[in-house]
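In the two complexes that follow, chain A is the common piece, with chain B as its partner first and chain C second.
Right after this comes the complex of A and B.
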């Protein structure tokens, strides 16, 4: 039995009120949507808070709209709703697929897009019970000074396990952020890839009173193809142990104009590899092999999540090759 | 609407070694198995704690208690939801269905009957959660334009429920049988009403 430590809960119905609460309570407050990441983390004592600010009642955070050549996805969009939305399926099929592969049916009916993008980082040490962790003492992410998964590690390398982040980066998505400064609502937007930092303790480049309100994704043109693959031990429930998203822009003659390879679950932020070195090559089985080799050479999975790191590195090359092969006939 | 007595203090502050301030209590108003209830509970309680410790509905199980195993699955506005990681205060005004509300008028639901007849429950701990996920699958199946019972869909719908006894085969068989039965029954009903109309 895991009981939640006591905290207060707020249910604002306006964005400004939510941000004012977050600003007032600072680090002691956290925004919460489905709670599928935050509540287990609170139960494990990995995260502590005094005030939970529930965002479900804020209308502005909901909805999927086509607007000026972009699809606007509200941060409170449910993961099942995202996977089953006809507009998402038509314009961003790889995102619909990635959302349909997150965790379990229950988690998908509770969790939201904003929550999946802002998932806390995970590792083999921190995602254990408080009692289990006490045996080794704290770590870089939990009031300690040493890393228990990468001996001698100076920075926290807990991994981002979001399924939607890599595929949305491949689609060129931008996140809209709302904050609270001098008692006023302030808005900004940044490329999704820039939301993530390399410090696993604080991997989101968000200020204390800032939340993600929406994601805007430019509709890809007909020659742009995006795909996603996730490797996990089980087909359901599990977080990815390696995930890859691939964007290929194809010329009229079938060669590669430009592309991106996004590899996730390496560390706190997805690795984005520009494929300009391969521009001009025919998109075929040889390119799939070259991409797999490139991923193997450029990425070194760490022993931060379960499974052998060397195996994950080999597996990464295979997943990239398979993903590209799947996309050859698009 | 049923107003319950104030919260049983034995369940308060089990985790805080030295409470530093009074914990806030709230009245949660929601529909549980078709009945409106108003329950007083600490504001940080989960829906599962509310169901089990305030309403006495102990069918939903406290398994892993962190959203992995699915034993606590209930339907929230018809969608399968993990009550162990849902805050009770967040479901104000919404409809919760638990395994206790599955059968009607003392009669077991077709799923429950098939589970019993086919030995789909062994130790039984996961069964209430599995039944609720299966009930959500049956609702979705019944509302689809061309319902077809597929093994792969059943496995996907039950993908968030762990069972350490059965190996899932008998569970899938029982859900398949109940789904087929329900589709046949609704087809027979539709045929009868077409006959009546003609």
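Right after this comes the complex of A and C.
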């Protein structure tokens, strides 16, 4: 059995204390919620830490509340709870669906929304044992200097595999972030899409002592529809091999006012495609086809996750077309 | 007639006779009973190897090679030895004697001696106070290698005879070549109305038992070595430990605790067993080694990848005239069971169909990858795929229903295969009929809407092999049985319970024959100090072989009891039945006594009641009279038919297996619940490897720019999937509906007519699925697995369509 390397565990009961700990220990410390991503990575020696700061005891990270036309989702919200919450199901059904498709029931009962948004990037050359990576000679994200996905590549292209990120981006979500500066708590918020950077080694635009505290999602108006599809080989357990979220704003006459197509598992950040070029078109089967073609033309999945990259590209087109088709009658 | 003792209240009290225990009804053998050993396992009472902790026990970890092919120049263990908490380090030169489960091909060392041959080949082992310390110690062992070119495809291994993976191998990298020919194949091919010719690729897959390999060794004050291991062959382990450690077998005790899945992946000795034993001697303390999941994938011994070229000739009426098969087997770094696999790749194809001429030519080569070995359906699942797909192609060309084509070629019962194997009972036609009826074949085949399809395939498997792995005239299975005044029966058997139900089978036979309930039987199995030798759980041999031994032992005891009661009651022994905790006269049910009382009376007359039973397979007139003609010959053969119904998504190429009907002729179901369980498990395993599972290394020259590294470690030989996340076993949501149908064609050689059920039902699941895919969309996938991208490519080629 793989052994978990030893580290100190801290269980602060307020946000300031948690951030102070993270600031004090710098790169040696990491926030931890359910641990479903971090613990396997620690066991594989892919991530190292001296201090785990558990966030479960911090009240303000919990809860789902309707507030001023927005749904506020605490970062410590469990993934099962998210999938089953009546308010989420009523207002953000695609998010509830996406959450219900993450990993397996056991992992969803441990994992949290914040953890899913902050998932480490994944790649067939990094999510491996020490022996395997040693045999490979390392890579940009491990101990080497070479990218095996893109020969000669200078930037790590490990993929974001979050199921909730693309759908929340499509909903126009904003992440609330708390940090620690000069012994004081500092808060900021940014659009969720801006949380992600294109460097797979450090793909979260968070400073060392910063954590995501909540996600705020504006309630979509009646003419806004969001959908999500995930493709994985198995119907449970697997990370997505391709995932797509689609936002369609419909005019009274059934044409497209505006929209977003969010494609994930390409690289370290989701690809957000604005659909303004298609504005005015009737939302119908032809649009579904056009969207599929657009995804195919504009996205090129890499051999970074363990599946045939060319197939993933073709599959992406089908998933986008089917997602749009599913949404035609909404 | 009086009942002398049972009427004596005092005697009953004295012996605490259990007369009001719930006596069952109905048969035990053939009845639907739960698994004998399930509750203790499920409730955590029974222990797996890793559950065992001994006082002062040390933990062992292995240093493994990061190179697929390299010479070992030097090993420096001083850094590890200096680490606090490290008790001993062992390297290959301390165990220089080679071993191998097949006595003719000992090409493995407990730890690599001069060379490493795959990424993960173990080179050193450490015993330390904890796994954490052992892991750190392994990091401090410095091994200097001279890296060699890695040969990771069988074609490369064949081509590079100059670069031998094993220097002392006779013919380049060929580990075994078998060429056998029966009849004039070329003439039959030339005269045939139809020859179906094609290339087929069967990919590698692995067993992925949920319990990783684990072993513990302990040496007592007198030098007796005890090894507990998650093995399915404790006897072979004892033999190889004796060889490598240079100990007499009597100084070694092997115990196999409860095993959490094996499927062939634990059917030979592994590095960890030798290392813990050696380290236990070196340290004087018990030592445990538990493999990580990655190490289980490296230990492998899974399904051999096969490249096959098949030509099958048919007459216009669909009769098979000839089969001409050529196979290249990718063996991985070591021989393992490879000699047998190479024979099985041709020898096990001789039924259920009759064909007058046959040639097969199989070559197994070494490659720099984890060694392949026996996985459920050893060596015969791959050729079965090629043949059954060819039969389907022939039926299409000849305009015959594929069921009818198979019926026409049926070899029959009490027949002899072209390669000289003697078939006894044969329920194949009943199997076909059962799946045809259950699936609604007649309404579906060729009639389902496009995208939906149905396919059939048939197969045959062995119930053990007539000949032991090592040449011997000793029994292959033996059982000791003992009963006493408690009313309880003890069965001592060397059998390996690996979840397949051998313990339940033995208990059922003992209970049936001695008139007790299942729960009154204690089976003590797989402890070399306590139990007679059994060769182990492989080749689907235990029910037939150990079952027969158990039946002999039980009937010997039953006869003693009946003889004594016959004297007592003054009736013929043949009139006496022992059933459900009672002994009684069949003709006069008023005459009876509790079985415990019968045991007491018999023991008081004869002394302790014990018996033995042995099974030795038939040695003549069962196999072919030619070199290799004994390999694969079995006392009895099982038969299977599968029908699979699939749905193919033409946009994505994804195949959904909707339903599989499997009918299996197991001779006689000693416990139908367990037979159905074996059918279900086999079919799921087969379906999984047909569409999902794939064990291999990353393709050579993986880099998209075609550039290869000049030096240092390369990507050659790295496992594609070394975790249960990447090695995609289906979840409960991914498996088809399944109908398991039992067919019983009793074989006189099996106990109560029983034959095997543990491996046969896997075989034809895979070609049935492939044939169903063709029925659905007209695409043939002859290179497994049937993955969406291949189906999509097939659809594109068919339609000349472009992406999107």
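A few comments on the model shown:
Rule of thumb we're sticking to: the second predicted complex is superposed on the first by the 330 of 330 C-alpha atoms of A that agree within 3 Å, B and C clash if a C-alpha of one lies under 4 Å from a C-alpha of the other, contacts with A are read in each partner's own complex, and residues count from 1 in each chain.
Just so it is clear, a residue touches a chain if its C-beta (ideal position, glycine included) is under 8 Å from a C-beta of that chain, and two chains touch if they have at least 3 such contacts.
These figures come from a predicted structure and were not determined experimentally.
When the shared chain is aligned, chain C comes close enough to touch A:306, but chain B does not. Of the two partner chains placed by the overlay, chain B and chain C both lie in contact with A:236. Judged by the touch definition given at the top, the superposed model places A:181 against neither chain B nor chain C.
More residues of chain A are touched by C (comparison of chain B with chain C). Shared-chain residue A:137: touches chain C; no touch with chain B.
Looking at the shared chain after the overlay, A:282 reaches neither chain B nor chain C. Judged by the touch definition given at the top, the superposed model places A:148 against chain C, while chain B stays out of reach. Within the superposed three-chain model, A:1 lies in touch with chain B and with chain C [touch as defined at top]. Touch criterion met: A:106 reaches chain B, while chain C stays clear of it. Once the two complexes are overlaid on chain A, the chain A residues touched by chain B in the first and by chain C in the second are 1-3, 5-6, 104, 235-237. On chain C, the positions that touch chain A within their shared complex are 64, 66-68, 119-120, 131-132, 135, 212, 290, 292-294, 651-653, 692, 702-705, 707, 709, 712-715, 717-723, 725-726, 728, 730-734, 787-789, 792, 803-804. Listing the residues of chain B that touch chain A in their complex gives 13-16, 19, 23-24, 26, 42-46, 49, 62, 64-68, 70, 73, 76, 79-82, 85-87, 89-90, 92, 133, 136, 156-157, 159-162.
If you check the complex, the residues on chain A that touch chain C are 1-3, 5-6, 104, 124, 127-129, 131-132, 134-137, 148, 151-152, 233-239, 292-293, 296, 303, 306, 308, 310-311, 314-315, 317-318, 322.
Within the complex formed with chain B, the chain A residues making contact are 1-9, 11, 32, 35-36, 39-40, 43-44, 52, 54, 56, 80, 103-107, 109-110, 235-237.
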